[in-house]
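As written, the chain order gives the labels A, B, C and D, with residue 1 at the start of each chain.
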């Protein structure tokens, strides 16, 4: 059953060193900033982080990187105009990088959540990102074999949750959240506010409660600061 | 661009003999009855039909079968209390049958729509439905290799569509519709009514218009009968 | 360590008692899929406030009881195509998402009927293998493979006295080594790496069961 | 059969003219993804009523123009992370669904920038291959692989005069044989099984181009 928290520290309690952490968001849209900040204070280290980017500026994921907690980044687009924290660590040989095409990144997490053992993907065939990977020709088209990416933890941002853990998102802030929620053993969602069970229209729920273990209610958390 | 029809005959025009036709619905929920009836009148034959069941009673898919138009059924559950039409054809050797586990059926169509060449699926390992299929052990678990099912045409039932072709469904009548819409070269949806573009909430659209080629507006069609 | 409870002062379990027993063993707050037929009746025995959330593979979480009268809505049915209701906190999703939920190991328990269960937990419940039978699998294989725990409900013997808990299934298989518990009219069995243990008996004893089964069964707590 | 149009009475195309040219060639009603940077400007040249629907890979169909002032909503951005607007008939979906849409071949056209395009339509646009460059691919490979047609917009030569339309890409590849048209300041090229043809030239001739390229190019309508 889903637990609702108002204290970010409690929401991220128990994340172990060495965990694979899936972090939602595309740019700042859907980025679970309060959960990342709490994770920094919580102290888990030697993490593998899976996220589309590798941090912007000096806050959020960039701050987690700057604190030396991340052993490896799996992402599609680390290099950005304001990714100086990652860039510095990478050039200093202090962080490992696996670059994955954005759609393959999403699909590998979907596979983890959907119990698919591996899938043949047409993306990246003939490119450096397919090097060392198994390939196969099916019906005249070439594919690369891709394996699931499973998380120990997912930290995601959603718009509204209900007390059972159902989530809805808002506009393009939906991005990786619904997929990551399915792919992690422990999914923690921050939401702008929590409503009573039954207030969300069942037709419009994007992430069913079965995928959500903990919710951080930002409306209550902010009020308490 | 999506075309809106009020005449069922026009909505199914041009379906060729020998087509693979994906037919939505689970029981009667989401069953595109008016489109199936129009397909019977349209006359296409030698069809491969992909649908969860193999017809109930004497109407809809059962009537298509009874009319001798279907060469092969791909489905998860042909045998039902009222599947006498299919049962008779099958026992007389007049129809081919491929039984696929229900989730694998859905996932194979999803793969077709998502450009996945094949996927390793844990379902059916060690059972007669895995016979002759390639298997592989990944991380200690056994999987069967499953290939996409692509449709030439999908006939689906939805609740409301807009003029651009966006669709929403209702309760468990959603079932196979959204997946089949992605998996066919030509997707034809029947809806209870059509609203102006912009009337559906973009957050709640289940099938984006890119997947829908033709809409049959039942409210107009019924009024015209 | 707990030991087998032998209910010798009563007869075998009735169907309702069996459903109640399964319901008792479903942890509060579990996400559960109840198969078509007898397993569906387990829902009637879940205690109020258990927080158990029911999944139906045709695309819903938070399924409520069967619909009656004006509640009946042709767009709201369960996997057995019976009209059902919606509980607060429900959600709908399409078939690929519904079976991804199942295949991905997110359901805590599914309850299925069976023709046979083997001592390793192999399940046969979809096909009699009769030459004239029309095969039809539905979601049985997906459920057997996907849920964290698979509970089987069945009579322990066929009408002619043949055991349905067997060393090897002779009917075509639904899934390999997937069943963890078998609830029958005469006993509840746990299946694990060490083989089959008897948790409870009804109207018989462990010794009585052992004499009628080809599968080696032992009481709870006894080493294999 | 149409033949190459040589615009000799003018100079090369400006960036805006190039964007307008691409916009002209997008069929009405197409579903289109415009890559980050210069391709984004194509949207400004699509005629009103074209019915072209824009996809952004971060989860939206029906994307409108860039947002300004009060329209800016941090939850509504494009793939370049620029605030955008929503048009009537828009829809939102998650990343796996968005890239399924792309990978599954449902987009009619995508427009991308490039470092190099080979005469077979191989695309290099994600990585300079420099030893100290941090690799970052984003959605470039997915777009190159998934769209029914890939249009490239680029200058035909680098600042030092090296051709970017080449026999073989020397930069790391994004996709194999995926580009069907190349829009440059000096000419529009069509790439097909028969090689590279020149559809239009600007401020130069087919012969002029041929003299500066290592790739064999021929006028439209001439057999290889």
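To be clear about the criterion, a residue touches a chain if its C-beta (ideal position, glycine included) is under 8 Å from a C-beta of that chain, and two chains touch if they have at least 3 such contacts.
Chain by chain, the UniProt names read as follows: A, B = 3-oxoacid CoA-transferase subunit A.
Remember, predicted model here, so these are calculated numbers, not experimental data.
S.K.: Quick one: which chain's Cα centre is the longest way from chain D's?
M.R.: Most distant chain from chain D: C.
S.K.: Go ahead and note the Å separation of the Cα centroids belonging to chain A and chain D.
M.R.: Those two chain centres are 30 Å apart.
S.K.: Distance between chain B and chain D based on Cα centroids, please, to the nearest Å.
M.R.: Chain centroid spacing, chain B to chain D, equals 35 Å.
S.K.: Can you tell me which residues of chain C touch two or more of the remaining chains?
M.R.: If we look for residues of chain C contacting two or more partner chains, we find 86, 92-93, 99-100, 102-103, 145-146.
S.K.: Can you list every residue of chain A that touches 2 or more other chains, as numbers and ranges?
M.R.: 107, 110, 114-116, 121-122, 169-171, 202-203
S.K.: So, with touch as defined above, which chain pairs make the list?
M.R.: Between chains, contact exists in these pairs: A-B, A-C, A-D, B-C, B-D.
S.K.: Touching chain D in the complex: which residues of chain B?
M.R.: 1, 110, 112-116, 162-164, 166, 182, 197-198, 200, 202-203, 205, 208-211
S.K.: Quick check on the complex: what are the chain A residues that touch chain B?
M.R.: Within the complex, chain A touches chain B at residues 107, 111, 114-122, 136, 138-139, 141, 143, 147, 168-171, 201-204.
S.K.: Can you check the complex and tell me which residues of chain A touch chain D?
M.R.: Result: residues 26-30, 52, 76-80, 86-87, 90-91, 97, 99-107, 109-110, 121-129, 142, 159, 169-179, 206 of chain A touch chain D.
S.K.: Can you tell me which positions in chain C touch chain A when the two form their complex?
M.R.: Answer in residue numbers: 28-29, 31, 51, 53, 55, 61-62, 86, 88-93, 99-107, 145-146.
S.K.: Where on chain D is chain A touching in the complex?
M.R.: Interface residues on chain D, with respect to chain A: 56-60, 73-78, 81, 86, 92-96, 98-100, 102-103, 122, 127, 132-142, 145-146, 172-176.
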